[in-house]
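You will see chain A twice below: alongside chain B first, and alongside chain C after that.
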Partner chain A sequence: MNEILQGYNFAYLDEQTKRMLRRALLKAVAIPGHQIPFGSREMPLPYGWGTGGIQVTAAVLGPNDVLKVIDQGADDTTNAVSIRRFFAKTAGVATTTDTATATIIQTRHRIPEFPLSENQILVYQVPQPEPLSKLEPSRGETRRMHALAEYGSMHVRLYEDITRFGHVAISYDYPVMVGGRYLMAPSPIPAFDNPKLHMMPALQLFGAGREKRIYAIPPYTNVRSLDFDDHPFCAGRAPHPCGLCGSETSYLDEVVVDNKGGRLFVCSDTDYCETRRAAGHVGADA
Partner chain B sequence: MPVALVGFADPVLDAQACFRAVLDAMARPGSIHQVGGTLVAPASLCPAAAAVVLALVDGETSIFIDPAFADAADWVRFHCGVAPTPDASVAAFVLAPDLPDLRSLSCGSDEGPEDSATVIVQVAALGEGAVYTMMGPGLQYPRTFRATGLPVDFVARWAENHKLFPRGIDLILCAGDRLAALPRSLSITGG
Partner chain C sequence: MAYVAVKGGERAIDNAHAWLAEERRGDLGISAIGLAQITEQLGRSVDRVMAEGSVYDTDLAALAIKQSQGDLIEAAFLLRAYRTTLPRFAIAEPVDTANMLIRRRISAVYKDLPGGQILGPTYDYTHRLLDFALAAGTVPPPAAEAIAPEAAMPRVADILGQEGLIEAHTDDGREPGDLTREPLRFPATRDVRLQALARGDEGFLLAMGYSTQRGYGGSHPFVGELRVGDCNIEITPPEIGFAIDIGDVMLTECALVNQFAGSKTVPPQFTSGYGLTFGHAERKAMGMALVDRAMRAEELGEDANAPAQNIEFMLYHSDNIEATGFVEHLKLPHYVDFQSELETIRRMRAETGQ
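After this line comes the complex of A and B, so read on.
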């Protein structure tokens, strides 16, 4: 059991703020993919470090939860470590790096490689919740576009990529249609992770602190990456096995290892890579 | 009138547990959850409905309380710090002993479908009685759901509500210390 920091409410936020977040979360689950405005609070870390995700986690977290936090798939980066420690201190919850034992996983820009279960909640840190933001700068206008399900401009954007490059050149934050109704930004997860959004057994919650929006995908919800019949969605992956665990299916990080052009491709999901190595899988560079 | 009834024994953790139950109920429609077991609620309210009100309602939102629950009004006023609104059509939460006319409640706008009512309905029983079949987000396969105390024309009235999607009303059904939720995204047949 962790020592709880005295002088703060459970999980840092005051109860009125949590109720506001909880009401927004319930509506978000009832309207999959629709962005709900909320009164984002100032948190003890700057915007861009996961304030939206932290507020969502603080609103759902209970004393019996086991929290895992990943940053680009890694449990051991500054952002992941400090958020995990933040909740260990303010809520006294157990933390873990093991995907299977976590009940709440807060993530920045990845979905774990191991499939998630019905007993888990995945909380995304979202920098830009509006998928149409680069096509239409006015939030008033994009709100209307969502109301009318007017998503032609996004199809044009994909089409322009195809005419210019021969394929859709969006490698992360690839737009999806949720439940056949709302166009949604899946946060900057690689397009490689997009298929995992579809019919996921776990509840997915998205929090954007600076942009003050919350949205959600309930379990077992239809999520389709936007594409064309003659140019179906295709998730890319670096054509290498993981240098440490040899996985040929995981999403890889490219690491420069010397100043002579040496490169190492390793799993971005550190828990997945470590679990495989513990099970005896060995890559060429291990 | 003095309010003799206490609220949650632990206002922070009990509210969290109740919210998680409602969140899971909303995310997996038809699933039944236990809440508010130890709560001493006003006589007309079941513990589950009382717990949901304590967990979600405060002075930043609005609640309409059906006259049948008049004895709960002061309790809500005291514990939630909100004066119940006399106008159900503008309320964010509606606390009712049976299914109200959903058309008379706020169903949100096309741009703000979240500005819609959540109706907390007290029913006779969950998990027994009329059989409904549901399909929608949150359900891998069509799922059956049983409840006693919904009106005989519930399926037709729900279809009218579901047709408005993404606008519409969300229901939280409470019986004793159990609750289940029906979000607007569900299509429901049977009865």
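After this line comes the complex of A and C, so read on.
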């Protein structure tokens, strides 16, 4: 694909830095959902563009891994292309768009539609790791709130939505409780994806480069989207089948096709959609 | 209609970068700018990029400025990214700014003082009139020269310190923190704060320092001293056991003298704010010193309600590499989240019957 960049260590970061990252990752796996501060490095990509995910991927990547990178569920969005190229160039690893073949999947804003397995690692890019940040801007204070499991303010925020709108109006980055202990930001995945976090066989790692935090959900961990007994969590998708593959269950992108209000709904997970079409599924607009 | 899933991200990126390179070079009929021209003639830009990029290397800074088409934050980012890949082979001895080879040194609190007032190469007192002779390429007449003073030039803070009029700073023997290796933690100690500010954005420090003068956390500052010049950098390799000089760096140091504080146990004394930056960067050093002093409000028993006095707020927002990355990341696709917002808002509107 690309020539391997000379003069840099495997996967760009030096071994000392990777060791530091792995220590933070081990700690994160040991305390599911708890944010571990780490010595985030300046990467050759800007903060906010996946530096946390890139550092986590660099720390877990081996020469035999097969890497898939998606942004918005798609392999060919520009930033996904850029990150995939970065690792092809600095680590020379094999890359793929096939979800099943990948051993490491770095993602921004989506969880793939196909269920992941125990042999896979899902690495999330996280812009804001602190789920309480919109309620309390001080990280000193939110740290204390996590230590005391003082999450009442988040319940109040959900309750206020219910009194105003009749339901919770958070549609992405919907807060979850991990292992019954830590409130966690799942990164800005649509709430539709939240149920996939629960009891996932794959290891889930979260990297926030600018905010310098790492956290994790180990395989088969209980993850519950915050809700109330009489207002259970529910998240929808656009009420249409995919125009290309006909899927009635996948998360959809809405594509504006003309100036007269025309819309096409297609799977956001491009690999899922292509695999289904290759298997003979056909949507109404294909 | 036939819809083709959007492909071609790779080709778009390659083409965009090729266009960028062409635009950067500009009109081929005009000679390309050389790095030496940048280091020699755009020194203040080079200094700012070295300070915010946290690397003292004028040639690399010049390359970064050329590569970024003069976008100084982008240039600082290039230097920072390069810096991550460099091995750390030694930690320098503390720099002694009293032994600085002075280019400029002024004090606003004494009319005259040992070592004298040295105006140096400054824009102060220039009339800001566009110089059309400069556009025509006129070579300036040589400036008058003086013999460099031989004696070390005492710092004003040390002069005040002889009388015990200003708070004393002593080495507590603790290893200074390093936020390039360890993430910020709060409460952040002053060494870490100063490191963050030294790498911080000049515009941010200027604005926040200015806000303290306008009443948001003021502390009645005087410029005790501002000095610019070259300092030796020494390291002590363990193999030989004594310090060796590895080169000079130009530094700008600003020591503020602020209103006195005292208590039942400590007699009234002046306090200080401190700024130090790579290169010739007076505005930044002064902004840094104002902000440093403002952030000491709580430690000195003052009210701490103004933005510049909020340590967490200041340190989390002073770094322009972090800030520009996160602000500009909004350009990345967000259509998955936007779709979920669309569905939510449609649902709410349907429920209210609109």
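Going forward, the second predicted complex is superposed on the first by the 283 of 286 C-alpha atoms of A that agree within 3 Å, B and C clash if a C-alpha of one lies under 4 Å from a C-alpha of the other, contacts with A are read in each partner's own complex, and residues count from 1 in each chain.
One rule holds in what follows: contacts are C-beta pairs under 8 Å (C-beta built on N, C-alpha and C of every residue); 3 or more make two chains touch, one makes a residue touch a chain.
All values derive from a computational prediction rather than experimental measurement.
In the superposition on chain A, A:Leu26 contacts chain B only, with no contact to chain C.
In the superposed pair of complexes, A:Pro218 makes contact with chain B only, with no contact to chain C. In the superposition on chain A, A:Arg210 makes contact with chain C only, not with chain B. With both structures placed on the common chain, the touch criterion links A:Phe165 to chain C but leaves chain B unconnected. Once the two complexes are laid over each other on the shared chain, residue contacts for A:Pro115 go to neither chain B nor chain C. When both complexes are overlaid on chain A, the residue A:Val60 reaches chain B alone and has no touch with chain C. In the superposed pair of complexes, A:Ala147 makes contact with chain B only, with no contact to chain C. Legend: residue contacts after superposition of the two complexes on their common chain; A:Arg41 is shown touching chain C, with no touch to chain B.
By the touch criterion stated above, chain A contacts chain B in their complex at residues 9-10, 15-16, 18-20, 22-32, 34, 36, 59-63, 118, 143-144, 146-148, 179, 181-182, 199, 201, 203, 217-222.
Here chain C touches chain A in the complex through residues 1, 3, 5-10, 12-13, 77, 80-81, 83-85, 87, 180-187, 312, 316, 321-322, 324-329, 332-337, 339-344, 347-348, 351, going by the rule given at the top. Contacts from chain A toward chain C in the complex involve residues 8, 12, 14, 37-44, 46-49, 51, 71-73, 76-82, 85, 108-110, 127, 138-140, 165-167, 169, 171-173, 188-192, 210, 212-213, 235-238, 243-244, 251-255, 257, 262, 264, 266, 268, 270, 273, 285. Put simply, chain B touches chain A in their complex at residues 11-13, 15-17, 19-20, 22-24, 26-28, 55-58, 60-61, 92, 109-111, 113-114, 116, 118, 137-140, 165-166, 170, 183-185.
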